[in-house]
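Pasting a structure here, questions to come.
Here the chain labels run A, B, C and D in written order, and each chain numbers its own residues starting at 1.
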Amino acid sequence: MEKIGVYVCHCGTNIAGMVDVQEVAEWAASRLKVRGVVIGREYKFMCSSLGQELIEKDIKELGLTRVVVAACSPHLHENTFRTACKRAGLNPYLCELVSIREQVSWVHTDKDVATAKAMAVVSGGVERVIHQVPLEPMKVSIHPDTLVVGGGIAGIQAALEIADAGYKVYLVEREPSIGGHMAQFDKTFPTLDCAACILTPKMVQAGTHPNIELLTWSEVEKVDGYVGNFTATIRKRARYVKTDLCTGCGICWEKCPKKVVDDVFEAGMGTRKAVYTPFAQAVPRYPVIDRPNCTYFLKGTCKACEKFCPTAAIDFTQEDELITVEVGNIILAIGYDTFDAHRIAQYGYGRLPNVITSIEFERLCNASGPTNGEILLKDGKTKPKAVGIVHCVGSRDKNYNEYCSAICCMQGLKFAHLVHERTGAEVYNFYIDMRTAFKGYEEFYQRVLEEGTHFIRGKVAEVNNAARNKDEEGKLIVQVEDTLVGVQMRIPLDMVILSVALEPRHDAKETAKRFGLSCSADGWFIEKHPKLDPVATMTEGIYIAGCVQGPKDIPATVVQGAAAAARALGKIHAKEIALEPFRASVTEAQCSGCRICNDLCPFNAILFHEDKMVSEINAALCQGCGTCVAACPAGAISGTGFSNEQVLAQIEGLLLLNVDKNAVPV
Amino acid sequence: MNNNDTFEPVIIGFTCNWCSYRAADLAGTSRTKYAPNVRLIRLMCSGRLDPTFVFKALANGADGVMITGCHPGECHYIEQNYKALRRFHLMRRTLQGLGVEPGRVKLVWASAAEGAKFAREVTSFVEEVRALGPLNWGAGENGPVTAYHSTRQEALA
Amino acid sequence: MSETYTFTFMKEVSSLLHAADGNPFPMCVQCGTCSGTCPVAAYMDYTPRQIIAMVNAGLKEQVMESNTFWYCASCYHCTVRCPQNISITELMYALQRYSIWKNKHQEGLIGPAFAEAFAKTIVRTGRTFEPILAPSYIFSFKLREFFNEIQNATELMLKGRLPLLPPRIKRLENFKRMVRRIIPMGGVE
Amino acid sequence: MKEYAYFPGCSLEKLAVSYHTSTLETSKKLGVKLKELDDWNCCGSTAYFHIDELLAYTLTARNLAIAEKTGLDVVAPCSACFKNMFFTAVHMKKDPDLAEHINFALEEDDLNFSGNIRIRHVLEMFAQDIGAEEIKSKVTHPLEGIKVAPYYGCQILRPRKDHEETENPHYFEELLSAIGANPIEYSLKTRCCGGSLIISSRIAALSMVRNLLECAINQGADVIATACPMCQVNLECYQQSVNQEFGTQLSIPILYFTQLLGLALGVPKKKLGIGKELVSASPVLAAL
């Protein structure tokens, strides 16, 4: 018979507050003695080094052959206790962690019932571990190349970190240039560094780095494989420009007769040509031809770009190209979209010309923007005398997005400063709460207060143009309650800037699915642990960085980009990784050759030997889902770690069929 | 025992490692309360669910079985939850043939983000099974006996 | 004068909102959307947002003394805009009911008397009858307002738009018994 | 032939009699049959919610139960009646206890409401169920050159019934365009007119009337079209009081949209109750 040790964790009062841990430990030691339990202990924090030593000591002194720890979720500490067992010479897979915190103490309210449930859960764990067999982790090699998806500041940072460490990176970006949202900004808070000045060098570095292969105007279409061994299929959209010949001289877009409103980079505030690079400092510097807007593609004639190109780089016959790359790790940094302000009709966006979004304002005050950085009204000549900045547009609102977009308060302060500095206008910030956490932010708030910006605490109810008196005529009227005085105010303004929410990319859900990840209800990608593992995901070898995980500012985005790179580099350096050895295998003698399992495997891990008329599972391809195990009519397939014996025994255990009713509690 | 007001059903719940087990974890970390009648078993995937597990649980004293997995299209193993779905329908038919209410087996999709949904589904399933009453399947002379203890006192008795 | 926080008033008012949609009003974050939106805010003693804060703080006397909830126009504009999905209009109704039941409200308000007169007419006849409502408010009007009303009434009469006899429904007895089943005392008669 | 159960509501008996007749006449022209509910009662309006929530729901439920028996969708011309009916049905569906309670009371009149009914506003019926296209095809006297301010008011839009646009809807405008009129854009089209306050909080209500009239007139409206008897009466009868109170000189005819619709479909003015308004619409309509 096995010698089993049962350890019940208090987790401070997290468990002990709702479960009588002492009773559970004593109950296991007495009632489950017939099943081999030789010791039942409880301890304040089993995961502490003292708690682990307790297990190690018992393994050595009592000769335990199995260990059950009743504590938190296995997703948190399974590895901790397995490692402890290993140190004491016990095969780590002979340790079972059952959750009595997430699944018992935190979700139930009656101590009696919770304690009874904890006993059942322990009993199930005991039965399951009895049928566990010693296993050795599987080792797989890690391909040293990395795929970074998204060429904003997060992706650039991650790519540079890895490339600088000496490893190859494929940096995929769907727009013609890397740079992302940051490239659209004028200044960055709280230091007011010029965004282009700090971003452009990084873009150039990424564009020229020998270890970085830039794949702009491209998208990842398909991902196969697993940690260390992913295969990604990337669509390189036709640029209609031969990149090996193009020098980026700019003659083509100078000569192109077709003007197009630029909805992406200029946020609809400016125009570009049908052949274009989104902005002057674009990396790479060669342009793309925007096929749906190109006169040649629409009407069959024009080719002005081709005629004038000094290096004959234009090629209208190009087609999309599919390439596959082998990588060991993937970093997703796909960023965010902004909230569509039309959805809040009462703010008048789209109806009232001088109501603009924050991204539009970024372009308006950007020196390389449509007005060369002059803050002007829609007429293109008048400087505003009074400007309102509306916070929380589409954020902190259950009708739209419940979350706080994190950057708007600081962005509002930045805008206030810029408007003040460049126009001398009166500036109003309409806010619900000012949130200026992090370094230098509160100081910036103080500075803007000193500059004389008005702060009105109240969520703007509406913006309209229905004047009620002379002062209001021809103005935008912001109607808002100044909640600090409790009075409804009507404030006539010339320009209203809506701080629109950051939202997940419109296609975030499809992207998540393509990479086998999941999104929260909001659409942000879910990290492995919100505090302790914010850049890893549930899928080993795939990391997330920047706003794909949730709204954040540039410093936090850069931190995540670097962190994700560090995680990937760790894997690359280790050269191989140990995987859970949970794999299915066929017992040849029992296999009847019915081939039912063959079609079930989505990873093509099952092959059929025609000569022997039996199926065989390729352990390297098997992912361990166990579907074939459940389907085999002959019971010839077994799955390690989750064998039929284990699950059936656990059911008995959970239903307390194994309990010795005559045992006396100790 | 036959009084439905005091009858506390016991439910065995199967969860997949990637979505629904994490949904249960999330219900825990967000302290969402739900009925304590469910006891969970972790599988790597809902596709691993062998119908034998369900029959075994019901025969050994469970009053209901809840099967949970990733949403269709979100399976960690691409499409194996569809196989669980197919088996689920077969199982219900089989149970009906055996004279057991098919409502004792329930299939719930819960993503890792749906802790609240997981909790809600558990609680409502417990009420559904409570309404059906105790199963006592296989409780005859040779069958396994119901061995559920709803409180600590019963467990210790 | 300082006050102590008490929660009984908040709970009493919450319990009057049994059929209303939306989130409970203690979830209010005091953003002011309701009061920025409210077309009557300028005429209220306190803005709707302040009333929510006052109910939450248990300032029963001050709330009952205010005209805010009697000035609610039932336009539901605050309700559809509230970022917390609180049905502020329903809260105003609840305060009106509370105030009528406790017979506590600011003096000189027409709202409570009008509501009662209106309700009585319906319960007695099953229909509304505009002229009979007049006595409940017309005498509190200033002279000019009084004349305006008379003038309006005359013009409407000339255009054939004012009823001379109160309408009644046919199955009035059934109707009255129905009302009695909901309110054992027979409504507000 | 389309058929609806029709709940006119108290105001349409006399005060808003032209809304009643114009609705019936216009529907007839469009081949829609309106079947008036048998022995309907007052919906409880807004004032009843001030007294007792449960009783208010019960009053409305009686009408709903009568309507349900016809097996038809029910349509109401008054926005307050419409809102009360719509949400009574919603609450009774969502809350079985409430439904049980109310149905217990309805037994006294041999009635029961099970919740199987679709509730529409007359404006929704014309603009959405019948549709601007269909109406356009039947217009014989297009209202060319008339600038109409479509006034939605409150309770037809709010509280939100589903996910519909409550701040800047367009179906009223589409309907007006269909009959050849020129709908104007003005920012207060969904703002409250203060109708329910005109008795109890007169000065507040008058200021709301003023804002609305002023906004519509400033944007060049010749006439305001309403879809609710309370709004019509409030905007029309108090123009003089507004002018006295605020020293303004506002004057604009207020018509029911069904009257305009009827005109475009060739219904005689008299049958539409045109002429019963206090601010005459004749000068505007003379331009036709």
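Keep this in mind: contacts are C-beta pairs under 8 Å (C-beta built on N, C-alpha and C of every residue); 3 or more make two chains touch, one makes a residue touch a chain.
This is a predicted model, so every value here is computed, not measured.
Looking at A-C and C-D, the interface holding more C-beta pairs in contact is that of C-D. Put simply, the chain closest to the centre of the protein, by Cα centroids, is A. Centres computed as Cα averages put subunit A at a distance of 50 Å from subunit C. Measuring from the averaged C-alpha position of subunit B to that of subunit D gives a distance of 52 Å. Averaged C-alpha coordinates give centres for subunit C and subunit D that are 21 Å from one another. Counting partner chains per residue, subunit D shows two or more touched chains at residues 167, 211. Shown for subunit A are the residues that touch two or more other chains, namely 346.
Listed by label, the pairs of touching chains are A-B, A-C, A-D, C-D.
Subunit A makes touch with subunit D in their complex at residues 344-346, 348, 351, 464-468. The touching residues of subunit B, when paired with subunit A in their complex, are 10, 12, 18-19, 21-22, 24-25, 27-29, 31-34, 36, 39-45, 47-53, 56-57, 60-62, 70, 73-74, 76-80, 83, 87, 111-114, 119, 144, 147-156. Contacts from subunit D toward subunit A in the complex involve residues 165, 167-168, 186-188, 211, 214-215, 218. Within the complex formed with subunit B, the subunit A residues making contact are 20, 23, 27, 73-75, 99, 101-104, 106-110, 112-117, 119-121, 124, 513, 516, 518-521, 526, 538-539, 582, 600, 602-603, 623-627, 629-631, 639, 641-642, 644, 647-648, 650-652, 654-657, 659, 665. Touching subunit C in their complex are the following residues of subunit A: 346, 392, 396-399, 432, 457-462, 479-483, 486-489.
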